[in-house]
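Letters A, B and C mark the chains as written, and numbering starts fresh at 1 in each.
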């Protein structure tokens, strides 16, 4: 990649980080706890964005950042007191800055920012004339474009042959490490120069103070250049010296004679040497050590490299399993050393795997951090007062999971604000504080990640949900459902209780889409609710998408894997527990209830699977939205951690099959998707019989 | 390698030729990744007959398509002497089950004829043309089209074996 | 002539761009992220030929850094260029008062950067 492009990408990344830091700081300021360093940090973030943006020509971003920065500068220097109203403006400005950044990055038109700009300018007291690229106000509304003329240069200036420069540095010039030798050398690049040193004030050597200025120079520069160019050479030093620049007009007499007259000393031109010898220091070896940034606590690694590592470790796990299996089949298994060695290998590999997986984990913070802004916008759009409380941001989740978490979370929060929370008036009428709270939390629980989105709003109106479901034909009028089952009806496709589909939650993008996203991640989602008090969505997600704990079962000559997370228990059914139902369904009696019995072999078209459920084993599983299911298989082969391999890229999605894995014998085994199996059952039912989806029998 | 051939002289391409069900076929060598012997596949539920299942190719789960069956000519009775050609096109990699691999041939545009109208049938979707080389007739297949047809819901069911 | 240049800036983008422009001109670049880090790095490397520093940085800002450098006998006379934006004349002055040798305006033109380095270093 071209280096500039790589820096540009780095800039985009850095901006994202800076925007987050800025927002964090602003939120702290909003809470009233800000110390000077926090305010400074916010200022620096905006300042840095401006600086980088300038280098890449993102003028709109620079312009806005500048106005924002100006206000922040006033706040940090104490000339502007920042209370509630001011903070609100700053928060909005932060959001607009983020929009400007997004527009700059994506090459799209900049956002509308005039009201925020106005508010910022009110705060900073600056006129509209300030800032990069603004039209001066006095020209606004004139009806024509003012054109600037440069009227400094005289049309008929006499030709300049050169300049006579009298340069007398003061001590301060040396103190700032400016060097007359270098300045004069640079003058020499403009044209040929004759240099005369004035040593008249130089005391005898033993009275010389090394940091004092004694020498002045007169330089005759034979260069027909502009004055500005000469001044430029002395730009850095102009405050710390006496400088006289006199033009020499092109004249017949040689310039040299002019020099003789103005020289104050008749000494020949001395050779210029630096006044202070530089200390000799061995730079090379020391530089090597300091060339790289001193190592901090993190390093940046390409995700590809990490993915490769994860895959390799996955292969190691499979190979180890294969090895263990082969050994078990031979006499080697009797050897204690071999056996111990293999066990040790397995332990080490598991540790290695955990370590490698941990590289890919990140705190959920990166996803959670988008939510405050979302809530601010929703709150404004719905005119509801919303407080967002966030917990457990540091909970670590696999990067692949994090990336796909954003959308469902956004949707759930939208739902909470839009449907869950009441308007301030409604809340007060109900005896609640006018401000509603949405809580977003993440934690580890039993090897899974649990994320909850809850609100203290009105809760689910079960009567309405039920009525809607009946209306849409999702359940029958007489269906008996527990409260929990009614709540979970909202996950069914095509469901929406909004009387008018609000702008926010959108048409047709309902909870079923959210549920699907979570299921695709290998997770589960349930909702619980208390009327009048609020609702809570609970998501559980696997720690990683790459590996899963599964139960290996045999169905005919095929081997399948069932995710342990869905398994409730396994049992050996008695013939008397199996009840026929409808045309070709069966139910299994499990303790006090009846659970649908699914013949996995038949469902998946396994030619030689057993037909008699009682001869095999039943695995009781939990599915989303359909309660429990009993899966009839032939044998349980064991329990194992398996590496998940997708085949969808090379083939396509198969309903009921989540992915594949490679077993110890090198063969491919398919991983079952419980919810997909449910869908397959439903589809079969729909195809085969004219019974309604919730049919209760002929 | 064959890129240079492409631009230097009009469409001079290399093909790998293989035999399936008594017919000889050819495929652009650039799509061929490797050649393996037949191994038992793991079946995929309710897959069309010509999708024999999946195998493990060094950690990648590879679907295996029976070419003979895909072209509607019945299932191959596979044994270890049969060959799986690993083919990649775009993002997809699959294994193609054939009887045996024959040769590598080079053909220029002049050697390739379009498929005769009357000979077109369900096979024709994948056929790029016919090459006559060394007095043999080689049916050139488009691996791209063959692989692409695996996706989507309208995968044609092969005629009964 | 190739120089050893220390760049001090909390923005990674700015550090990268300075490094690119300076190494293209044949110089060697060492980097630091703020004033404190800059002092550390100077301590490790002995002295450098030129220092380029930003003003707004966490922990120790540009002024503090320049001040420290000017007190260190080894680096008392090392030229220091500060990075400023055009709209900060007061800051420029303050930096000069603190002992800065010269300045570079952000966003910087790589040629001007290299010229400024040449102007302050033999």
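Worth pointing out:
By definition in this document, contacts are C-beta pairs under 8 Å (C-beta built on N, C-alpha and C of every residue); 3 or more make two chains touch, one makes a residue touch a chain.
All figures in this text were calculated on a predicted structure; none of them were measured in a lab.
Each chain's centre was taken as the mean of its CA atoms, and the one lying most distant from subunit B is C.
Compared on C-beta pairs in contact, A-B and A-C come out with A-C as the pair having more.
Here the CA centre of subunit B is 64 Å from the CA centre of subunit C. For this pair, subunit A with subunit B, the centres built from the Cα atoms lie 44 Å apart. Here the spacing of subunit A and subunit C, counted between their Cα centres, is 31 Å.
Chain contacts: subunit A has no residue touching two or more partner chains. Along subunit B, no residue makes contact with two or more other chains.
Touching subunit A in their complex are the following residues of subunit C: 4, 10-14, 16-17, 20, 28, 30-33, 37, 40-41, 44-48, 56-58, 70, 74, 76-80, 83, 85, 87, 96, 99-103, 106-108, 118-122. Listed in rising order, the residues of subunit A touching subunit C in the complex are 3-4, 6-7, 10-11, 14, 37, 40-41, 43-44, 47-48, 50-52, 54-55, 66, 174-179, 181-183, 185-186, 233, 235-236, 239, 274, 276, 278-279, 281-283, 286-287, 289-291, 293-294.
Looking at the complex, you find that subunit A touches subunit B at residues 311, 314-315, 318, 558-559, 603-606, 645-647, 649-652, 654, 656-657, 660, 662, 666-670.
Interface residues of subunit B, counted against subunit A in their complex, comprise 40-47, 51, 53-56, 59-63, 91-94, 150-152.
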